[in-house]
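Once you scroll down, you'll see the structures, which are given as structure tokens.
Two complexes are shown next, each including chain A; its partner changes from chain B in the first to chain C in the second.
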Partner chain A sequence: MKFIKENGPHIKSNDSTSKIMTRFLIALTPIICFAIFKNSVIVYSYASKGFIESLHPLFMIIVGALTSFISETLYYKIVLKNDLRTSLYESYRSFGIISGILLALVLPPNIPLWLVSFGSFTGSIIGKMLFGGFGQNIFNPALLGYLFISASYSNLMGSPFNAYELDTIGGATPLSNLMNFNYTGSFENIVSPFGDLFNLFVGNIPGAIGEVSKLLIIISFIYLVITKTIKWIIPTIYVTTVFILTFIISKYIDAGVWYSLFHILSGGLLFGAVFMATDPVTSPLTTIGQILHGLSLGILTVLLRFLTPYPEGVMTSILFMNMLVPLFDKIGIKARNNIRNIIIIVITFILIIIISILNITHKLDKNSSNVSELDSKVNILEVKEDGNKKIYEVTSKGWGLIKADVEVEDKNIKSIIIKDSKDETQWNEIEKNNYIYKVIQNQNNIDKLDAVSGSTYSSNALKNIVKKVKIEEAK
Partner chain B sequence: MSGLKLDGKKEMSISSEIVDFSNPSRVYVPLMNGNTICACLTKAGKKVKKGSIIGKREDLDFPILSPVSGTVVDIKKCLYQNGEMVDTVVIANDMKETLVKKNIVSDITKYTKEEFVELLRKCAIKGMGGSDFPTFLKYKGEVEILIVNAVECEPYLTADLMLCKLKAETILDSITAIMKINNIKKCFIAYKENNTIVRDAFMEYIENYNDIVLEPVKNIYPAGWERFLVKKVLGIEYDRFPSEVKVVVNNVSTIYSIYKALKYQRGISKRIVTISGEGFSIPINILVKIGTNISTVIKEIGEYKGENLKFIAGGPMMGNAIGGDNLIVTSALGAVTIISDTEDEINECMGCGRCIKVCPAKICPAFIYKNVNNKEKLKELNPELCVECGLCSYVCPSKLGLRDAVKIAKKKVKE
Partner chain C sequence: MKIFKYLFKENPVFVLVLGLCSTLAVTTTFEKSYMMGLVVMIILILSNLIVSLIRKYVNNEIRIPVYIIIISTLVTIIEIFLSRYSKPLYDSFGIYLPLVVVNCIILGRALSYASKHKVINSLKDALKCGIGYLVAISIIGLLREVLGNGTLTLMNDISSLTGYKEVIRIFNGNIFPNKLFLTSGGAFILLGIIIGFINSIKKGKEV
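Moving on, here comes the complex of A and B:
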């Protein structure tokens, strides 16, 4: 009788890497289904779009998954010089399709397919294979792909509204709407344009195809926790931190609990927390590391939301925090030896939180003084109503004084007609740059629009007109 | 402390009675104590009695005794339970069981502490739970609490369970004597909470004994580990040895052997060994002479089943698959497990963190694995704390040989 000689242990748990990844895919299925239901079925039924055209979101997911699988296979074949069989097997074992699918799910519904493919390719090759493949990468490949897309082609990404929503809602996404109100404002201004919080919860709002249904994300999260698939500590701490910080801010600006709930339910927070921040390879292994990771993600997301003109914040936070994972684990290992080793870290975190909140409240103060400044600069002389059209007759202080008629339809600015700008120097620059058109185009994100160089005063005068009218309209 | 619930598989080997195989024609005594090589104090041709000194661990002056009477026929290399070939004394058994000195003590509590320690040394009593650690060392200092380890947390193993079932009263007598001699205030008998056989066995008699308490511990692996037991039972931690907090932890089989030593002033000559696992037709417990080549017994009982079998000296978690079945029974061998090889789908470390969560020694196997060639980093990761329970390798979804890596790291750090 021959016996095998081997070191133990001789029994192993029956979970495996591929089983874990399969469960992860199962958890994504309802989200994929909803993405297709909302952006394909509804669009096909209620908006005048062709059948194939309506299936665009499905193609996005397929293209994302296939691109990452194929590019990883080719990398194994061409760069690492394996035979085809091995390459296919290795590519299967490195679970690239998951990043491909995740990437597609965080993209807006109208993005061109080649761009999905571009992101998936760069994510897989630069974000993963160049680091040495599965298990070696520092950054989440899907997020890196997202970064490549938004850094190189943000103008081509398309709007976050699907064809049906373009017809029915229009305007802003919940977060850009919030930013237009300078992060303060009443329930009516911030939530009501999208129905109520329940709409945000079930996903009846515009946004990236996989991010919107918080209900399904929570169900998937419960499944993932029960089956011990993900590091549940990270998303739990992450979301709790965002909740607590925004709750403190809500007290400061005199808003209710709805304000914190709004923050949690809008944008990609839940999706990112559950599916991206828990990526096992790019998140800490130690429990303390995971807690610090979640905490830092929460703080950074809130800071980005309130202090930068990019109200999303989640993707950037996760990608940035990927870099700090080794540090968090180092602390985690120290804490395992002796929990007292991390007292300093705890104090640091408390300080960071306090400073963050002070910074945000300071900015909010400034914003509200900006609003009164706006009042002193822009005057509404008269409002004429004509059916569902309105015409605002306004003056705005630039270098001199601009007089204009602003035509509004369905809360959207349709045109700005300048009646008098004689005193303005350099008005030529504004006209040469077609700046008025740009202002109208960017009316929902007006703070992001740069002024025309050399004509800052005039540019700001125009922007102020838009802001003022928008605020009037929202009232 | 972490740990994990494992499928116990105890029921396989407890249905049948213990079978006596204690008359082998030849016994083989490895000149080893744990992994320490011992000196040979006999030679081929010499006549020996049961209890004659045939070898010695020199650093501790700790003898190796002959388990039978007969003639030394050879000293040769044989397969030891760590998987290596070691020097072994081969004795032809004359079946007469002639003792060095016949002696029956009527009152086993009438020893002084010094006599007791010396007796344990002379009788070569050692840890029978697998450690092979000389027991007399544990009793050298002052002792306040005795914890009797009847936890047997490895899957498949039932040898201690069987012993408790059969000898509960003797064990309690032994404990009482040990307590009296060493002036020990309290004794806890720790067993796994779901192991009702052990509990019921002691329950029957325990009322008659003072200061001995039955203490259930959670059904998790490695609940039988010394540090774990002391923490769970007493709620205290220590640095290196339980003696620092005046605690002794003894395996229940060791306690039984101490009884033999107190009563007859004899060493360990027999023990119960579990033979179990899906790869064997008749899982069973056997009573065997120390030094028996277990393969001869196995042939008499049943046969191997299945392909790609592993013959494991010990349980599936801590034991070694030694690559053959010519294994010699030592006092530290509680079981032989025969199971098929698992088909593992190995991958890179995916970073799930499970090995870290589960490690009862609170170290980070994944990082030790990644830095196994970086001695500086290893020092910060404390691989020397590892108790080799194997849970890290057990839970790893990528099926990495984490315990092996930690063992290598341990050696590197010590260099």
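Moving on, here comes the complex of A and C:
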């Protein structure tokens, strides 16, 4: 008998990798078309943007794909010293283009092109080639590129709105809107600003260019499963877990089924589940391993969404779970045909789920008491209205008492004028960091903004002003 | 070529991967990095000198407490000196200055070399290791500051001591500095890339 040692992905069929790649591209085509339709065609027709400018999403996808292909080819050519023909063939064979396209699809529509290129490059080189190339990478290259972009240039990523949406909707994405309401609230507050659930399903909402249309993602998923290109277990279990967990939470906060449907249809959950979590290299091979992978992904996503200031959570959980894939495979082999081990796993996961839900409900309770804490810290002395402008005169408790005028236009804070900050001991740090400007820039997700180190009290006082005024405006 | 060997073939950071705590934590500016390198080098030389001088009188069973006391005394002296003459630098080092006590390069050299060798040899060894550490931490600090912040601080915090102040702005508005390198994760990635680079050169030479 002849044994062959090969790297993953171990595909148990006669398909060659190039066939799989073609199917992936076919599955991505409707999503790319929709991204271009939503962010180019509509923007060109309804918002005052030039032709070239409105083609930005298309350029993003092209740049992402080209950069990852070229950088992989160059790596094969220069570092591994292959000749040009082999290099081109190798990078064609290693799904280079797909990770570039996937990266472009999870980015917001206004991102500069060089940043797409940067993410694609770091994803392919650091995330894939330095680990040993295709089949050896621990992390999903596209997600690693995304992580690099957001860790390096989060201030340049731009808003998730295209030009047309900026004119019509403004404000927040569904998930950051949910976070502004502290994860509780009625259908009118959470879903209605974006139409209804059908709008979320079709993709008529702001978000990253590729992940908004859930309908097309589901169609692609069905195509990929029918052609046996991806494993159906992971996405199904993943989405089901998120649904069940948010359903339990929705019972706790007296919301209907729409709450859990909202969680599934908003953000990048479906896109991540179908295209990222099923990456043949970075997902488990055994059936039990795949089930556990999906379960853990779901639990981690819900935990990240509720317990951290980052409302998305899908990308982070997939990247994190990539590290545990060998462990899941090991468990999967050990647990096969062994009832005792399966029972242990089931009990463990039930315990994890119970602990997670207890934690989340605790946080939700604390959030509702936080609002009254904010009231005690920030006082609104006077509100002056001047046409569509409003000026709030507020005081906020830092080390001493900060007095400020906040100018609001169309529910957005335009400026914060500090009138009195003499009690703040470390005020020069705030000024040195240009923190007031940053607070105004990040007003829609103020919890994400870090405090200035050395001047936490004053920074929190400024953040509280923004929170309070935002709550006041939302009323 | 001998100096190249000390710097890159027996470098305590890049090859032995020792003393990473200060290497990753304080290297956000070039000035802080080379000052930390100098502090560690001075303490390394002095501790090797003292350990080597008393090596015949120290019982093998209690040598670690004795060495720790020697090193922590030296670190305390430097700490008091810095807090007196260069308060900004002392503040920006924070906890990582007292932590030099447990820097494994210093303790490791004292245990494995200075306690068994003559004074002159111990001093030579301390100088080699100290310069290796200084060069390594300066390289990391230089790259991190230039890539992460777009500036190069030659002398800022210690300007009250030397009377010279220079912060060079390398990138102007066109190129955006990469904030990733200012985080510890970015420092790890940078260190990994540098180690990989050095290893690949070494491998190429051996073959």
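Going forward, the second predicted complex is superposed on the first by the 361 of 475 C-alpha atoms of A that agree within 3 Å, B and C clash if a C-alpha of one lies under 4 Å from a C-alpha of the other, contacts with A are read in each partner's own complex, and residues count from 1 in each chain.
The working rule: contacts are C-beta pairs under 8 Å (C-beta built on N, C-alpha and C of every residue); 3 or more make two chains touch, one makes a residue touch a chain.
It should be emphasised that the depicted structure is a prediction, and the values quoted were computed from it without experimental measurement.
**Q** Contacts for A:176 in the overlay, against chain B (first) and chain C (second): which applies, first, second, both or neither?
**A** neither
**Q** If we overlay the two complexes on their shared chain A, which of chain B and chain C does A:152 touch? Say first, second, both or neither.
**A** In the superposition, A:152 contacts chain C only.
**Q** Have a look and say if chain B or chain C is in touch with more residues of chain A.
**A** Per-residue touch count on chain A favours B.
**Q** A:336 contacts which: chain B (first), chain C (second), both, neither?
**A** first
**Q** According to the stated criteria, A:130 is in contact with first (chain B), second (chain C), both, or neither; which is it?
**A** Second partner only.
**Q** So which bits of chain A does chain B touch that chain C touches too?
**A** none
**Q** Please output the residues of chain B touching chain A within their complex, sorted ascending.
**A** 6, 83, 155, 304, 308-312, 316-325, 337, 339, 341-342, 344-345, 347-353, 356-357, 362-364, 366-367, 380-382, 390-391, 393-399, 401, 403-404
**Q** In their complex, what parts of chain A are in touch with chain C?
**A** 126, 130, 148, 151-154, 156
**Q** Hey, which residues of chain A end up touching chain B in the complex?
**A** My answer: residues 1, 3-13, 15-20, 93, 133-136, 231, 280-287, 290, 329, 333, 336-337.
**Q** So in the complex, the part of chain C that touches chain A is made up of which residues?
**A** Of all residues in chain C, those touching chain A are 176, 178-180, 183, 185-186, 189, 196.
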